[in-house]
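Chains: A, B, C, D and E, in written order; residue numbering restarts at 1 for each.
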Amino acid sequence: MVMQALYDTLKPRFLLGEFTKQRDDLAFITVEAVRLHALLRHLRDQEGFTHLVLLTAVDWLEDGQFQLTYLLNNRAKRQDVGLRVLIARDNATMESIHDLWAAAATYQRELREMFGIDFPDSPRLHEDFILEGWQDIPPYRRDFDTLKYAQENYRDRPGRETRDPAQHMKQQLYGED
Amino acid sequence: MSIRDVLSPFTAWKNLFRDPVTIADPLNERPGAARYRGFHKNDMDKCIGCGTCETICQNGAIDMLPVSGVPAKLGDSGLRPRIDYGRCCWCALCVDVCMTGSLTMSNEYKWVESNPDLFRFTPGVDKKHWDNAELGYQRHAEKHLTPGERVEMPELEPAARIGSFTEIVDGYSIEQAKLEADRCVSCGLCIATCPAHMAIPDYIKAVRDGDYERGVQLLYETNPFSQVCGRVCTHRCEDSCAARHEGDPIAIRWLKRHIIDQVPQEKVLELIGKPAAPTGKKVAIIGAGPAGLTAAFDLARKGHAVTVFEAQAAAGGMTRYGIPEYRLPYDALDKDIAVITAMGVDIQYNQRVGTDIAMQQLQSDYDAVMLAIGLHQGRSTRIPGSDHPQVRKAVDLLRQITTGEKIEAPKSMVVIGGGNVAMDIARSMARLQLQQHGEIRVTLTALEDKAHFLADPVEIKESLEEQINILDSRGPQACVIDDSGKLLGLKTWKVLSIFDAERRFAPQYDESDEQIHEGEMVVEAIGQMADVSLLGNELTEKLEWNRGRIQIDSNGRTSENWLWSAGDCVKGPDVINAVADGHRVAISIDSVFTQQEAKS
Amino acid sequence: MKEELLKRMVKGPDGVEFEVEPLRDYYCEAGPTVQTPAYTAIIEKLFNWARSESIWILGFGTGCGAIEMRPLMTPRFDAYRYGIQWRPTPRQANLFVISGYLSTKTLKRVIRSYEQMQSPKYVVGLGSCTINGGMYWDSYNTIKRLDDYLPVDLYIAGCMPRPEALLAGFEDLKKLIRAGKAEGANQYAENFEWYKANQKSVIHDWDMPDYNW
Amino acid sequence: MKIPWALLTLFIVINYGLLMTALVQKIGARVGRRHGIPIWQNYIDLLKNYGLRTSITHGVMFYLGPVFRLSGGVGLLLFVPSIYGSEMFSNFSFAGDLILALYFVFFGTLGMALGAAESGHPYAAIGITRGLSQMTAAELPFALAVFAVALQYQTLSVTDIVAAQQGSILNWTLFTNPFAVAAAMLSFLGSMMRPPFDVVLAPQEVPIGPPTEYHSSFLALMQTNRVLFPVAKIVIYMNLFFGGAANWPVFFLKVFLIYMVSAFVGVVFPRFRVEQSIRWFLIWAVPLGIIAVVRV
Amino acid sequence: MAYQPDRSQYPQKKADGTLDIDLASGKYLKLWQGPQHPGITGNMAIELTVCGDEVVEGKTHVGYLHRGFEKLMERRTFMQCFPIVCRICVPEPDFNEYCYAAAVEELAGLEVPELAHWIRTLILEMGRINSYLMYLGGQAGAFGQGVIGQWTTYVRDLMLDRFEELTGARIYHMFIIPGGVRDNLPEGFAARMETTLQEIESTLGDVERVMFHNAVFKKRAVGVGIIAPELLDSYGITGPNARAAGVAKDVRKDQPYLVYPELDFEAVTGKDSDIYTRADVRRRDLLLSIDLIRQILVKMPKSGAVMTKLPNVLHWKIPRGETYIRGECSRGEYGYYLVTDGSGYPRRVNVRGPSYTHSIALFERLVVNANISDVAALLVSLHTYPPEIER
């Protein structure tokens, strides 16, 4: 209920999108990318959401979009709010928030490496973070096939084979294939 | 900094005077805990090779491989899991999901090798020193990862159904069907068991996904009698279902029916599509039963001109004339047949080959002839008095019920036989008794004991619910007829054994245990045979025979190269077998045609 | 290649400019050689016994399995009493315990550390991951077969192997060493080209010399 | 005729050192509630390291480092009498041997510095700078104590100093000049490479300092020195402060007990940072040394 | 007379905020600690630029343990993800199991039996004890006091025995399964647990005497590595690192989960926010966990179902949704962000390990101007477990 009230107050000012109540203490709100920074600042400074819990991305490949999720926590009121920002998947770029939370720079480094999302001006953004000498498309994107990559790059130990029970039975019992 | 901070650390030296806590012999002193997830064990007798462990293993650590000495048989694929310890993470999901509880873990955990290829082994087959370990991880007593109980099929209460021939079973709702389909582990043990090799796991998946149109397509790939088989199939697939071992088998038959129930007839026709362009080949099929019509359907779709000759006034064969309406309503059957005729199959009713049209003529007029005449003659017990007019054959009675002839139900009656036909006639007559006399007095005597009844357990359960008096291990000895020639009942002896040491039919009786079962009518339901008189003497002489049935090769072709035969008349009674036969013959005929084309 | 590894001119603290070529200047240029037993059989036997009874493990926890090394070296299992100790530097270590999966990034460091160890040296692979990829068989960042990249003397099954299993493995390793069968270093030298090719095929930014000793 | 006896001393001391250090390790392990290495483990390690097949060199000084270090140890041992009153085991002691001994204490470390620097490893470089600075700070109170003792007994001959302490246990410098002994013992703690003064080796910081690059027979040489050098050093302490030893059993016992002092402190404390330990020596040990000198 | 280093040689800041470090000048030394380095907690590396004994710049390098869990989970079914999640954090794997299971249960709408909640809490507290014991050994070890590690590893091993009899494994327990837990407590578990707890308490007494009342330890740890309270929000600091700064940030109290509302406790805090205080907060938190375990064993129901009925896990689909589940692990706030799209596989899983912010952004800030000797201890005092950073 409290979350709903917060949403209703902020909605006209920040033109908020869809509101999803997940639990009493957790709700997700869709926000336009251009309004995010102001909203985050407002939530941090005015509403007590001082703790950036995490920043991550979801690849909606079918829709051609990345969803960035900024999860904030208000410890005093025991509430969490997740801000969903949908940005275009091609040449994905987003405003950096390292000026609001120093720790965000690390998240943004990871997102650049794992999803290929650019955060201009974020510190040390283009240094290798987790990977080293990665040449393929960013691995957390949905169109990257990890199994295929593993099979092409790392040899399996030979000698493995398996049979499908149904096929094997047909063959054994009826001589069919 | 206080003096305490300087001195207090020296208290550590007290340990100098305590014994070390080191384990003296860590290699031998430390067996794994009772629940320890150590190396795998597999009980070869329990394992059915369903491969569910392989499916759930997120590491791709399990391969299903054939093992010498374990042949494939119904309900056991003959494969056994081989585990790659270069992949395993000892999460024991394979143990938790195992359908039979055969796969377990020991509490052994030490295994060192120089050669990494040795870390693949088949538990239970490759002998390991932990095979007999008593401790180790077992599945929790309540099986959690797959539901074990079947979704109850809604059906009429005995009181409501006994009065009429209304269909008993309602069919699943979509919710129920989804829940039931969810239980399937898609192992595919059922596929080989099904004579028609229906793609059972795939169409169950279609139910799960709610994609009924794909379901119908899958059904028609292997079986044009979905309405029929969805109701009265002998469902041997369910006997080999992996879920059977720790709960109820999946209700495969009901799910099949559910699929066809969900799709309207027109949509079904649309999904099947149009037959191929005419090839100019003509095929005659004798008998419009499941075997004949299946072949007709397949051949018609390939573009051959098919004519079916049916002696009765309606198509369906035994499914219509042998199965009571409360199990298989006629309109359901008609739907199946309508799909088949929509493919361009021409069914000539009331055309008895041999009488109305000669066999030789078919041979000369058509490029191929298929004989699928079914088993429509009842066998007799040949006991004294069995020639009495009130001693009837079950198949004849059932046919009369279907055709709508008026039957005087006797006040009391005895049925001889323990198969499905016996149950069918007993239950049908019970309904008539109730309608005509207001009470049921049917006694059923079977040679077999309860544990070995040939009839479907559901049939027996429902018969009992419908007040049929079922007596097991009773051997019929004579029909008791009084001096006035009136049938009084049946005399039976207690059966001691049915087969001799060589498994030949040679019943032994306890003559002291004699009973007389009261009945104004005795119905023999001990088996059927084919009426092959239509062949004529010349053809009968030319054909090769095998124990009273026409000899056919694996494709259903007889020794005469223009004549094929299929269904009950060559394989014994079973709908799904007949369907499978029909497919086989259709393929064979079609390939012969193709060869002929190629030659010319 | 990283900037600091490129050939370049640098200016020293004293103001003199000079050229450095790190990969040539700082590293050895000779390939590995097969080291045959140098002494008579009886001395070699004595040395093998000493090698087997004094196993120094390199303190490099490459993966999960490293967590079971701590109980091993502490009171409960006290591997010291079996002549097993740990060393913080590869120069002094004889045994490299690859404790599970290796990401390509770690593999690079592992190769360097391994090559800096002195012969005879031994490698023990812990758990499924070193045998055939383990639970990371479909990961884009971990190798599957350790023996493609380094000669491995022993594998211990488990995910991860318990300290007791490790001790059992070390006992087996001692037997191998005593029997003179733990010649991984020579195997590495003999098939050096093959190992290097395998290593370079998965380490995409190969910015180190081929010879790291 | 001295050389065979000196070699015998060396042989006895090395063997004793191998066993005693293992024993002290075992005692330390007991505080950690375990058994620890077998008592003969040091022999096996030594044998193994000599038996390794390959070794890498970083230059001439890298070779010479361990050699210098060992010669420092051997020299220290051989220029100080081991057994008081024994002609055979008085080694090459002479009138001014105390000065020479002080020089040898430092000699090994300097050699090590050259070798470690040659190895090119940054940790070795950091380790050796730490080592030298700490060593300097730790030697200062020792030098003061030695100075005090020399003043007290008016001689620079170790043999004479031992002789002066004979007769009664109360004649030991320990009781005649406790401040000098205290200063020297604090310095002793600092020179034994045990906590709280082991920042030189500190595996968690600069693994493992100067010997980082050493291996195979180089390491074996250093191991030999590591069992020899402390014993040699303790012999000086024993001779200067604890009445020397008149026979081998007393020698073994006293060396062991003095060695145990460092273990007794070392097992239970963490280590100081280098500037903390330097300050500690300056604040606690040096004033004691000065008092000792002043009192004499 | 505090030591004042000579800062005249220090590098200047460039226009973009980075330091102008010219290595060739010989003023600075680049030092790598790790990944093969005993002072590093696990397999990670720190790249230090030092000027004399003092660090002018430090960079954390991670990724040596990256296996791509979040990617791998996208191609595993919901049940297949269950064995893999615990591998994300080796020393305290149970939080992964709990957070993942709770997230799946929430999105799938499953109710977990009461008893399972109690057993889950028990396991999480047992895991916390293990984690803290490892930390205490590590913290003392980083200062060169090896004996503490010997003791704590021994009692941790006793706790692993309890884990083994309860869950069937020592390290990767794989016991908190979506839907509940795998089994009830074994017979006589509470009594054996009590013996273990007493042994741990007695060892902790020794640890207090030898490690905390230790002049040298205090000299090294007091006043070193101070986290200013105003950094907490900016750097996402949680857990004991925050509590040592005087902020009672504890998810168990702030947003209680499982059966914590029924347990009687207060969050442990300190005030000086240096290495010593952080170690002390963890030691007292450990004692709290012992107390909580005693409470749990008394208050929990003795029998009942441990798992709810699951659908067939081989093709388990969960409707579209997203959620975040958090718990208070020994290092701070541990959380799982799970997104489902109606298929049989998670759309996205994101793991929030507390070390992610502690050991990168925060550490890189704290390490500047630290003495080389203190780097390892500082890193340990933030309680870093690298695998949860890179996953």
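Keep this in mind: contacts are C-beta pairs under 8 Å (C-beta built on N, C-alpha and C of every residue); 3 or more make two chains touch, one makes a residue touch a chain.
Keep in mind that what you see is a predicted model, and the values were worked out from it rather than measured.
Any chain bridging chain C and chain E, meaning touching each of them, is among A, B, D; the list is complete. Compare each chain's C-alpha centroid with the centroid of every protein C-alpha atom shown, and the nearest one belongs to E.
Relative to the C-alpha centre of chain B, the farthest chain centre belongs to D. We define each chain's centre as the mean of its Cα atoms; on that basis chain B and chain D are separated by 89 Å. Each chain gets one centre point, the mean of its Cα atoms, and the points for chain D and chain E are 42 Å apart. A straight line joining the Cα centres of chain A and chain C is 37 Å long.
Averaged C-alpha coordinates give centres for chain A and chain D that are 60 Å from one another. Shown for chain E are the residues in touch with two or more other chains, namely 37-38, 63, 66, 68, 71-72, 75, 83-84, 87, 147, 150-151, 154, 172, 210, 214-215, 219. Multi-chain contact residues of chain B, defined as those touching 2 or more other chains: 9, 12, 20-22, 58, 84, 86, 89-90, 116. Shown for chain A are the residues in touch with two or more other chains, namely 131-132, 139, 144, 146-147, 157. Chains touching one another form the pairs A-B, A-C, A-E, B-C, B-D, B-E, C-D, C-E, D-E.
Of all residues in chain D, only 29, 32-38, 41, 44-45, 47-48, 51-56, 120, 203, 207-208, 211-216, 219 touch chain C in the complex they form.
Those residues of chain A that touch chain B in the shared complex are 157, 159-170, 172-174, 176.
Chain B meets chain C in the complex at residues 20-23, 26-27, 30, 39, 58-61, 84-90, 109-114, 116, 119. Contact residues on chain B toward chain E in their complex (touch as defined above): 1, 4-6, 8-9, 11-12, 21, 32-37, 52, 55-56, 58, 89-93, 96-97, 137, 140, 142, 144-147, 182-186, 205, 208.
Within the complex formed with chain A, the chain B residues making contact are 49-51, 54, 62-66, 71-74, 77-79, 84, 86, 116-117, 120, 187-189, 191-193, 197, 201.
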